[in-house]
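Alright, structures below, take your time with them.
One chain, subunit A, links the two complexes that follow: it is found with subunit B in the first and with subunit C in the second.
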Partner chain A sequence: MPQNDLVHGAVLVLIVVAGFFAIWFRDLLSSIISLSAVSLLLAVEFYILQAPDVAIAEAAIGAGLSTAIYIVALRGCRKAPSGGSLSPEEATPEPGKEEPKP
Partner chain B sequence: MRPLSVIVRTVCNAFAWFVAVFGVYVIVHGHLSPGGGFQGGAVVATFMALLLVSHGATKCLGWVRTNFFYAFEHVGLLTFIAAGFLGIGVTFFYNSLALSGGLFGSAVPLGPNGGSLNTSGTIALMNCAVGIEVVGGLSMILLYMMQGVFHVDKPTLRGKEEAGHDR
Partner chain C sequence: MNVFLFSWSAGILGVAAVLVLGRLVGGPTIPDRVVALDTMNTLAVAIMILLAVVYDSVVMVDVAVVYAALSFVTTLFIARHLEGGTGR
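After this line comes the complex of A and B, so read on.
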């Protein structure tokens, strides 16, 4: 079945591409969305491999619930002060506090 | 914790009910089609996830309480144990409802067929129990997570200009 193999390969390539974009995005909300795209494509892959039971579980938990949990956790976070630099050396200190010098 | 835009809220309000109905379908047809109690329960718990993400914690915690889902969890567990003890005269988990003619008790028709829903005895009953349990547990995880974010949100973020990541 060459057509089935074509769909199979396309889904596998798309999983890798979506996983790459999940790391590559600087915006964390976009990163979460592409992570849920990975889960959705993984559900399609499970269905192609004839495990529809696992596909339903993956679509419900991976693409539905864990995305919602990530978004809830993200809403509890604060943005980094200066344009997304998260390392402690580059982050600007708060105006009230001064760093103690060693 | 502000709600998201009106487009997201409208789509989530409409779509959540379809998701819940599909989840109940997966639970009830657990002994015939792919899926079962756990998968269907996870799909139904997406109902609460959609409402929580779109409307925010303040509104959703006004609509439902965590005790509601706590009761769901207890009812599911007790139903599962009771269904296990139904065949106490024979063995634990004996399928005492099969071929009795009552709830889920009719016989499976012979030959190839599309599947008859009213069969399989206690198996379908336990699928429903697991479904109720999973709905309660996963919705409670989401609600407690949102409550935690909400409590952290109040003292540390008030009066500062920094918005959340989604704004």
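After this line comes the complex of A and C, so read on.
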């Protein structure tokens, strides 16, 4: 069936693109959103391969629980006392400041 | 005949999901990406229900129902995090 191949190709290309951008984003919230898109497309791919129980497990754990846990962890990281350089805006001006000193 | 119609419409919705992913990876701000993810969730639920008609199995509708409920929770968590999180 050519139309089934069309859905297969679209979903597989989307999985690869979203997985690449999940590790390419510098912002952590954007990375979490892209990872949620990967989980969604993986659930659709399991569904197209006619495994509905695996698709239910992937949708429940991957899309529901995992993204919520990542969001809670990200909020916990930002509430931590300042000491680590989590945001790239804090990390980039420092080498510029230290260069003119000597 | 009807199966071909539903299957082609599922393929067209897959192409629409490709276009929405362009907004998800290239959105300038975070709310653009959240709305793109929510649109992709809705498109995935529609594709699942259309393919349940194509494959002629009632069990596969349950996947769409479970996913529609859980993607709402995910979007709700991201929206609360964007709002600032007044109280836990």
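Everything that follows uses one rule, which is that the second predicted complex is superposed on the first by the 78 of 102 C-alpha atoms of A that agree within 3 Å, B and C clash if a C-alpha of one lies under 4 Å from a C-alpha of the other, contacts with A are read in each partner's own complex, and residues count from 1 in each chain.
In this text, a residue touches a chain if its C-beta (ideal position, glycine included) is under 8 Å from a C-beta of that chain, and two chains touch if they have at least 3 such contacts.
Bear in mind the structure is a predicted one, so any value in this text is a computation, not a measurement.
Chemist: Given the touch rule stated above, what does A:A60 touch, subunit B (first), subunit C (second), both, or neither?
Modeler: Both subunit B and subunit C are touched by A:A60.
Chemist: Between subunit B and subunit C, whom does A:A68 touch in the aligned arrangement: first, second, both, or neither?
Modeler: both
Chemist: On subunit A, which partner's contacts cover more residues, subunit B's or subunit C's?
Modeler: C
Chemist: Quick check for you: in the superposed arrangement, does A:L29 touch first (subunit B), second (subunit C), both or neither?
Modeler: Touch partners of A:L29: subunit B and subunit C.
Chemist: First (subunit B), second (subunit C), both or neither: which does A:P52 touch?
Modeler: Once the two structures are laid over each other on A, A:P52 reaches both partners.
Chemist: Which partner does A:G76 contact after superposing on A: first (subunit B), second (subunit C), both, neither?
Modeler: first
Chemist: Please report the subunit A residues shared by its interface with subunit B and its interface with subunit C.
Modeler: The answer is residues 27, 29, 52, 55-56, 60, 64, 68, 71-72, 74-75 of subunit A.
Chemist: Under the stated contact criterion, what part of subunit A meets subunit C in this complex?
Modeler: Touching subunit C: residues 1, 3-4, 6-7, 10-11, 13-14, 17-18, 21, 27, 29-30, 32-34, 36-37, 40-41, 43-44, 47-48, 50, 52, 55-56, 59-60, 63-64, 67-68, 71-72, 74-75 of subunit A.
Chemist: Going by the contact rule set out above, which residues of subunit B touch subunit A in the complex?
Modeler: It comes out as residues 1, 23, 26, 34-36, 38-39, 42-43, 45-46, 49-50, 52-53, 138, 141-142, 145-146, 148-149, 152-153, 157, 160, 162-166.
Chemist: Which bits of subunit A are touching subunit B when the two form their complex?
Modeler: So the residues of subunit A touching subunit B come out as 27-29, 52-53, 55-57, 60-61, 64-65, 68-69, 71-79, 81.
Chemist: Spell out the residues on subunit C that touch subunit A in their complex, using ranges where they run on.
Modeler: 4, 7-8, 10-11, 14-15, 17-18, 21, 24-25, 30, 33-34, 37, 40-41, 44, 47-48, 51, 55, 57, 59-60, 62-63, 66-67, 70-71, 73-74, 77-78, 81-82, 85
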